[in-house]
């Protein structure tokens, strides 16, 4: 039981690192970036290439995945995304789905369609046995890294000058502009950082779940759920939503009701239903603040 | 009021009457398009199966255009109704075991339309409020739930293995679904045309105009007495029924239903088609579906493994450079032709 | 005589802010009433509560003697309450003819008809055309609304509200943003509205208010501050203080020429 | 049906003359076409690529002549979507006049095409899909891959013989998975074993951890796994994390999980894993050594797996049938020729069961070992000539 909670926590933490960039950019620029998962996939493949082809350790791959995907994110933001901000949500959706398709086919071309998986570093193999609970070392690592990142993010947002500007811009970008805050630059930086985090998460996750060209589509739905439930006005919301989703997903698979003589896994069903209900009754998210008008 | 203004007003009314009639008039290219579509069955009999898919896709896209292009509801889960319609028609045909009355294709269409309309009506309440993003996720969520249900109800739907034994009877009791697919195409095309004409009638009706008004400005629409929610309920229900018929056509003409009918890619593809063709134009759905399938056919033949890349590129370029999709381009071209023609 | 429009202890809060504070108000048929107040007095919120765009936190709204507090905007519109918006709320992709035709078909209860082409009823088209011509929009009725000059759009904003012949018409700064030369036209149109139609004008322009209104309410901080005939309000020292103290009157005679919208 | 067709053709006679049908009809005298429909894009893309590579290899080795005819292969990508499979099958029949359709990466795809085979009376050679019922969907279906039950039952026997009494099963929740679960559970129960729980993971699922934890908590002697080959790497990663060996739980699986093509990417954690399957790249026979060498030479980045074998043997079967009918492409005759056909494949001796048209083949129990720096499924037990147990049980009733 505790092991399940622990697994769910690790899964949820990872989901948060993967999704937080999307949540912030959505809140900041009201921009729907369905290609966010492609950045996560890119990070995953960076890890795969570095570890499988060049034999480097995961510890090197993680920062590399962050830097590379952040760079790609910055480049795309400046060249392509910037033209999309004044377009409708529909156009943004189509554009980013288009980008996702391109990314998937490109990865397929260079890396092949089969799922890739990387080895956990030797130091992190195996489990800690704590009485009845056995905790996987790599998952502990994942939780620790993600927790550190979350704390760093939270501090960065609340304590730094950039953070306060970012918060102001998320609250009301028009007013922020009026106050002389360079929202465009803040957005570019945030976008790059968010993409980098997704890449980092992808690399971190590549040792738990496999990475394949279908990854962006598979995870897009999870990202959207995180945002739907967590809202976009804070990072605490998506954080709690990710943990909730991680635990619910894992628990939903562990506790399977028996329907018609078969154990039937209804985790997905429950999660999607919760998402729809939250969206209907609390469109700003379960943990989001109600934004006046 | 003086007599003079009364006379003016009358001539103004005449002008206005002509104006309204002109807006809804059938134009030459439209008629040509439909005649051409039927002629295709005889000109290229070897491609009838592909044409059949185009016709079904066009109807599916048409259903989304009603929801997205007219009522302004952004849906990333419209495939839910397509799939529901496919299963409804498929199960009915299966129950009839290939014999009328239950396996009658027309009855199957009606049944699928009714089921989808009912479910569409109920779910329409979920998309009344909220931003584009909320609607997008709600529709996506509903579609995912549908897929989960179909997957879990394997005893009814066949689960991941697909629904076996779908055996529609002959069309109108006369025409068999032949191996060449020509009857299937003519059947699907006829259904598409009938429903298209009906949709065209609707968009030029007070109801249709009020939908566009809601899409344009729902605040003002409410202020002039348009019951916004009820109209959206209606439009979504109608779109659901149309999508259901499209799904039913697929189930009947392929005699098979797989879980794939509920897959996310159906919803994404159809949205892409509508935007590619031109939102809120009706014909955009037809043109978009044809262009999409043609593109797929050419690209998949050239680079079977990586055609997705080119599809993505087309999407990206479309959003960046083309407003209003293919119909927008055609409209601009047509307008230029007229200007050039009218200049001397 | 019963009021065509009335409120009882109407309250609306946004979070900690009380935008409408316990307003009890009543409007007789054929009224020519102005609602004035300094910026942020809650005038627009009040109009939104009357027209059903917002729901009140507490209190009630009556239309023609019926309690319409829970009614959505479209039902109030059908019951004879019409309004214009401070910022134009138009259908940019429509033509004025379509716009008014739509408003009329809804007013006639034909809006849900999907089997009939729009513009087949000569009576409705005739009514739409004469409304447009009366408001000086006859020459542009087949043009795209979004491409019309601002003054014409402002006229259309009024035309939509007037076309269904409402019992009560709320005009939210009808002349806002209209160039000086075209303001007279709007005033004339307002002046020519049928006498039995009850009008509420929300305005900053004191000149306009005193030319038009027979009665005036002053809203301050969301609450009714002063009510009375135009001359009573004009003489009321408290009103002068509110306005002069914040130099609102001077300030607000100006922006008519500015481009607020 | 033919009446309608002729009437319509008469109506559009001028149109038909203009289309490409006529030249094809002329050439059809000396060319035999076979349409291969496989997913080459989407989640099951690797299936299609293995089959394509194997078929190309077969033609490169054996030439393109059989029964005095030139054999032309047409590849089509159905992206793993059933209605596209069906349309492609139909077009291949109608436009290309293929003598047989083949391929089919997944069960629903094979089933979608079945009515076409029946209607057109041409063989449908199933090269990959593994649910038992497929061959029953049409009398024209012949299978050269395997059925899940076929692979599973020998493994259950092995488990019973090796002191495994209590098991938990975890399979992907779709046709083949349910087949595997059923076959394994029935065999274990019949052998006096105990099934503690049968878990089914959704086919689309990025996380196995909770199922594995559940299985671990039940403390069985062994955990039986089946997932389609694409998910094997991910599953095994998470299996390794749970450290079943510490609790003395054996992890056994069908060979899909340790798919040869992906085995190397799974790392040392799968070493020693016991699986059962009808083919391993490491199968020790001269036929297989030659096959693997040629395959890897032609496709340097790939390793042939059971999918490739399904494609390779499917072509071998088609060639042999054509030889037997002396070039007659009548579908019924081809299927008749295929029934009872037996030959030596790189996977070992195989034959087509004349009653069920399903494949009869050896199933091997294998263990993952490292050889020459690479991971392989090394066979250590052979169960000869296994028929599909599901259909065998039906026939027995």
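To keep things simple, chains are lettered A, B, C and D as they appear, and every chain counts its residues starting from 1.
By definition in this document, contacts are C-beta pairs under 8 Å (C-beta built on N, C-alpha and C of every residue); 3 or more make two chains touch, one makes a residue touch a chain.
As the structure is a prediction and not an experimental result, all values here were calculated from the model.
When each chain is reduced to the mean of its CA atoms, the one lying nearest the mean of all protein CA atoms is B. In this assembly, the chain whose C-alpha centre lies farthest from chain C is D. Just to note, of A-D and A-B, the chains joined by more C-beta pairs in contact are A-B.
Averaged Cα coordinates give chain B a centre that lies 38 Å from the centre of chain D. If you average the CA atoms of chain A and of chain B, the two centres end up 34 Å from each other. The geometric centre of chain B is 40 Å away from that of chain C, both derived from CA atoms. In chain D, the residues touching two or more other chains are 41, 45, 49, 173, 202. The set of chain A residues touching two or more other chains comprises 108, 264, 268.
Across the assembly, chain B contributes 305-308 as residues in contact with two or more other chains.
On the side of chain D, the complex with chain A involves touching residues 41-43, 45-46, 49, 173, 197-202, 204, 206-207, 209-211, 213-214, 230-231, 233-234, 237-238, 241-243, 246, 261-262, 265-267, 301. Only residues 5, 8-10, 12-13, 15-17, 19-21, 23-24, 201-202, 204-210, 212-213, 216-217, 219-231, 234 of chain B touch chain C when the two sit together in their complex. Per the touch definition, chain A reaches chain D in the complex via residues 3-4, 7, 11, 52, 108, 112-117, 119-120, 126-127, 134, 136, 138-139, 207-210, 212, 214, 218-219, 249-254, 256, 262-265, 268. Looking at the complex, you find that chain A touches chain B at residues 26, 32, 80, 83-84, 87-91, 93-95, 97-106, 108-109, 217, 221, 224-225, 227-228, 259-260, 264, 266, 268-269, 272-273, 275-276, 279-280, 283.
Listed in rising order, the residues of chain B touching chain A in the complex are 68, 74, 76, 126, 129-134, 136-138, 140-142, 144-145, 148-149, 152, 155, 264, 268, 271-272, 275, 279, 305-309, 311-316, 318-320.
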